[in-house]
Amino acid sequence: MAALKAPLMVALLLIVLLLALGEYLSPGFASAQQILRLLIVAALMGIVAAGQNLVILGGREGIDLSVGGVVSLAAIIAGNLMSGQDSGILLAVLGCLAAGALIGLINGIGVTLLRIPPLVMTLGMLGVLQGLLVVIRNGIPSGRAAPGLSGFVTQPLFLGLPGIIWLWIAIGLLMAFLLRRTILGYRIYAIGSNEQAAFMAGMPVKTTRILLFVLSGMFAAIAGICLLGYTGSSFANVGEQYMLPSIIAVVFGGTPLSGGKGGYTGTMAGAILLTVLQGILTTVNIDESGRQMVFGATLLLLMLFYGRGQALRT
Amino acid sequence: MARLVAKAVSKTYGATKALRRGDLEVEAGEVHVLIGSNGSGKSTLCKIVAGSVRPDSGELLLDGKPVTINDPQEAKTYGIGIFYQELSLAAHRTVAENILLSNLPGGVFVDRKQLVATASRYIALFDGVTGEGFSAGATVEALRPDQRQLVEIMKALSTEAPILIFDEPTSALDRAQVDRFFDILRRLKAEGRSIVFISHRMDEIFALGDRVTVIRDGETVATKRIDETDAAEVIRLMVGGESAGMETAARAPAANKAAAQTVLSVGNLSGVGFHNVSFDLAAGEILGLGGLHGQGQSAVLRALFGASPPSSGSVSLKGEPLDANSPRATIKRGVAYVSGDRRRDGVIAGRPILENVTPIHALKQRLALAAPSSLRDRAKPALEALRTKFAGFGHPISSLSGGNQQKIVIARWLIDRPDVLLLDDPTKGIDLSAKTDLFQLIRKLAAEGMAIVLYSSEDAELLGNADRILVFNGGGVTRELTGADRTAFNLYQAAYEAA
Amino acid sequence: EDFKIGLSNGWVGSEWRTQMIEEAQAAAAAWKEKGHNVEVVVQSANVDVPGQIAHVRNFISEGVDAIIINPNSPTAFDPVFAQAKEAGILVIATDAEVSSPDAMYVGIDQKAWGAAGAEWLAKTLNGKGNVVAINGVAGHPANEMRVAGYKEVFAKHPDIKIVNEVNANWDQAQGQQAMQNLLATYPDIAGVWVQDGMAAGAWKSIMDANKSDQIAATGEIRKDFIDLWTKDKLNSGASVNPPGVMASALNVAVLLLQDKELKEPATAGQYGNAMYLDIPFIDSSNLAEAAKQVEGKPGYYSYTDQLSIEEAEALFK
Amino acid sequence: MSDIAIAPPKTAGHGLKRAIERFPFLPALLILVVLLVLNGLYQPRSVSLVGITGLVKTYLALMLLAVAQTYVVYAGDIDLSAGAIVSLVNVSIITAMDALGGGTSAVLLGLGLGLLVGLACGIVNGIVVAALRLQAIVATFATSIFFTGLALYVLPVAGTPAPTAFWRTYGGRILDIPFVMYAAVLLAVLLLVLARTQLTTRLLAVGDDQQAAYQSGLPVTRIRITGYALAGLFAALAAFCITGDTASGDPLVGGKMTLNSVAAVVLGGTALAGGFGTVTGSVIGALIIGLIGSLVFFVGTPSEWQNLVQGVAILVALMVGILVSRGARR
């Protein structure tokens, strides 16, 4: 267990175990087709978790509770901007990214310049976004996913994998590159690990942190667009289910909530792990009360493998 | 029979042997000094005795009886009180609450009256030297570092334990505070208490101790009676075979370079903690900032660096005005700053050495991509110049010893040469050999034309290295010592003059 | 006569609720022609039960004549409704029944709603086959009544086997994910009983799995889905819980405020205070008609129905 | 290291600073007063005795839950399962009272059981977070799922009325004074008493610096578990109030209260990082959340804008509270 890459290995191992368990409990659960479908769902959560991951890495109790609201908002904006037409996709993507970036910017400014704790700022922002959704839904015509977008999310694109999987892989590579091979990546870890030292080394701490929130908003927006492609039509509050699970995915990926260490590769595994777990629970025929108890207890059990706090006595 | 005995105590953190074989014997009624280089394991040994670190092996005996101490609470019941080097205070609580934290008077409820009354007894011990704003009801957050250290001292004293451990209790105190503290310790000794005392200051050790135990590389190497040994022997024991080069720190400075061109010019600079500071600094000059601890020296350096921008006054660098509103801005102009508080200001803990050594280079060269191999090549010469010992660039900086961590932090400034180097007590908490390496390098850099401002809390470092010393008192410069005036006596006298 | 009526809605997570409020507001405006100024004041926000109790207390402070509420809980409002009644306020719940003897319920019978979908499914499957159910929020009263409705129906068909029941919290995406997981592990599903927006999600998964010709599943009533249903000729049937229920309740309320008396007092339902409205049903036979009603509306617009003023008047003496 | 020996400058606002240092909830109190005045301006009846009683009756549960959250936040932790505990206690006592016949003794036994359930949940949280050292945010989210499952198991669907004696008492009057007013006064006394305990000081010390507290000889793990246990007890009290006000069981009743309890704590001037704050502030924070909701309605906000206005108002209140108290403390 001493392997330094432990969280990633643990997550991968657990995924395999869970798939085997799923196949045992409900034959067919681990079929190639089903795994692919689970991956699509995991990709949606994983993309949200990418932004969440960055914000958490940046330290100072970084967390973004507004991602769920941004996902919903983006799905609605995208639906309206493309209204079922492939020709509208580009505009929709740009519009959503802009909206996500703007929300992230406001979060970032609140957190850095006004120094509101991230949990509070983004929780407040979530409330605002939920209100905004109601206003927007109230006067704007329907939004449907363009066929191109739906196809991108659900239909095989290349080597039998749908576009969203490739997009997720690309995001994974991009994140790995960002975090390991760019000065910005070094900087993210530095402010997450020791903000004061980063400041004294001339790093633009505030700008960087604002950028992290902006990126989180943008990743959530991308997830929102993809979610529209997945469901076909937008509806209120689609993103709600991503708020806390995206954080759990990050934790299961080996990034502690205190920031400064970890990475995105683990988070991808964490997102898959969580999705598989939810999938198994769906297919097992027990009462909802039982499902929730098992889910809660399993989450706790899995957390024992990850990022436990330091013992008081060393 | 010795009151406290630690026998062959050991402790390993991951791959680090923090303590290999710690032995310690403390009698009743003695001040027992524990000395050793940084990282030799002194604090670890103390924490094991105090229950906050779990030993891997070894034995503890109290009055001859073997005991197992499972946590600090238990240590207290065994009569062990401790001053922690890194303090153990709750910032938002009051001084009184902190002093008596684990032993609040009253039952279910806190007896406030009793609390203040009891705490005041310990505060009264330092009557007259606690400084402004220090009271039973003050929150620790609002106190200065030396005042916090006093609270931690009072907290240790309040245990009234027969065995008291003080792990570097004087590092932030001024002389008056130290004198008072030593009086108290002598009184406690006379009462028959056992006192373990740690300090890196040789003079304190010989002023106070009865016996000294030297610890090297996690191993106890000797215990001597103070009156039967001397500083040279202690240092020899501390460093083992390689005692050569220790004297270099005290070597006379290079010739005065006043004639050289002015690099940094500071006029009437004021800010939080200092006022109306003016000086000119020439290329190749080492300007010392002296005086009692906490008289504005650090504040000036941080202001010049842009970490806490000055409120008024002028600064010019090589003839151009310097707008010191952020480190980022001043770094780009060629200013460098090394803080002695590496854990707070320097080390990016948990990250690889490469990431720790390259940020300034990346900033100055406006790098966007991090190409590890080329970064490594850039960093190597700077690390070698400091004789940094490290296994590889990919290892986390926390895998290094404190002195080597500080070298990494310093090296980051040297990859691209700065014009002005601000040193803010850079050797705080690092051991003699690392100090020697560092001052050799500083003098070399000066010789090559770098302008250097050095603040040190150790007078010897100033006297041995600075071409000129500005003595600070109450936030302003009260004396300037040049040439033959740079004597310990003058420095001492100037520091104690009224502001 | 002029009346002030408070509308309380405790959840804004779906367009159905928005439409419900809008239709009620329109219904109030329609009373003008009849010579009554009906002013509506609305509180519509995501609140928990205490928050919605605050809605009612605010209405009492505001001095309304009647309160129409889509309640977040069936039982939690008993004390506060008693308080409202004390203040002389008429309380009508809609969409979800309440246990309070001081209120009446005007809306559909959720159990019958659930049963209707199940009846259709059983008929379509010729009384046999494996069925899965995708339900709303576990523990939510409307959900539990609907569940009771389908269970009762399926129990009458011994060859229909409910192989799994899951909860997807009335969330379209979760419905889609649940269906996807179920399809993977139960290859022989013949029928799906699913409610509201989750039906669109479930159907999306069924279609993605190319199983739309093998599976019959209940549907929903938003235009988006009705369009899809029409276009892909889905084997579906949908019970209608029209967003117009609140408008219906409002019309009943205005008549009651005029001191008119119901021909048949509201005594239906488990709490004996309900007046049930008809439950329209959409299947292939009347799909085109439904499609026509929602033509030109936004995609989230629900097929609707309400008691007109005249229809409501007919219920009174 | 900050070698600054200069005394803090004495400014005109010095008195205010000291006041806010001692009573960090002052900014929140100010916001509360402004909200009350505005509510009164737009709807005078909302600040009548009946109106205020209604406000207290409705939000006493949230106040108690905010208090519960505060004790956990004191120690630098957080409890995202607070609302789920409320639900679980609510259905437990309703089921128990119903099973025991609904008489006075059934009510009392039910309440006793409720306290035990709350306590047990709190201890579970404490063990999971403090003893097993899982990260509080995610661990208590996981326990909240577990507790909700348990609540659904105890009472699968909302219903089952509370004994009349119970809710009539809660909603009624004694000597012509509403019962909730007694409850509010009792709460105030309880909080005052608790503020003077060793436990409060210890929780705050742990929140300030856990390692330091441990090294000082405090039983940190036990203190944190006690904090969670206390939170569990207060969550149970919150559940009693909800049960009194709703007279029935509902396995989902508390779910949405969790985030509101966190918001109330922050509104009240308590630092989420731990070590600093007051329970009084949290109580005020809970009332602020309630009053914002009412005010949005009383000023006549169109229904579709109500959520947005409310969201913005709460965000602004959070910001103002934090900025004012920080501005004053430096």
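Here the chain labels run A, B, C and D in written order, and each chain numbers its own residues starting at 1.
Quick note on the criterion: a residue touches a chain if its C-beta (ideal position, glycine included) is under 8 Å from a C-beta of that chain, and two chains touch if they have at least 3 such contacts.
Fair warning: this is a prediction, and the values are worked out from it, not measured in the lab.
Set against the Cα centre of chain C, the chain with the most distant centre is B. Work out the mean CA point of chain C and of chain D, and you get 34 Å between them. Each chain gets a centre from the mean of its Cα atoms; for chain A and chain B, those two points are 44 Å apart.
Averaging Cα coordinates per chain places chain A and chain C 33 Å apart. Shown for chain A are the residues that touch two or more other chains, namely 130, 134, 138, 288-289, 291-292, 312-313.
Residue positions 12, 18, 44, 46, 138-139 of chain C are each in touch with at least two other chains. For chain B, the set of residues that touch two or more other chains comprises 52, 71, 339, 344-345.
Contact annotation for chain pairs lists A-B, A-C, A-D, B-D, C-D, with touch applied as defined. Chain contact summary for the complex, chain C toward chain D: residues 7, 9, 12, 18, 21, 41-51, 53-55, 57-58, 60-63, 73-80, 83, 99, 137-141, 144.
By the touch criterion stated above, chain A contacts chain C in their complex at residues 26-29, 31, 33-34, 37-38, 41, 130, 134, 137-138, 140-144, 154, 227, 230-233, 235-238, 240-241, 278-279, 282-283, 285, 288-289, 291-292.
Per the touch definition, chain B reaches chain A in the complex via residues 13, 51-54, 71, 305, 307, 326-328, 331-332, 337, 339, 344-351, 355, 358-360, 362-363, 367-372, 412. By the touch criterion given at the top, residues 12-15, 18, 44, 46, 135, 138-139, 163-167, 169, 171-174, 176-178, 180-182, 184-187, 197, 200-201, 204, 208, 223-224, 298-301 of chain C touch chain A in their complex.
The touching residues of chain A, counted against chain D in their complex, run 61, 63, 110, 114-117, 119-121, 123-125, 127-135, 138-139, 244, 247-248, 251, 256-257, 287-297, 299-300, 303-304, 307-313.
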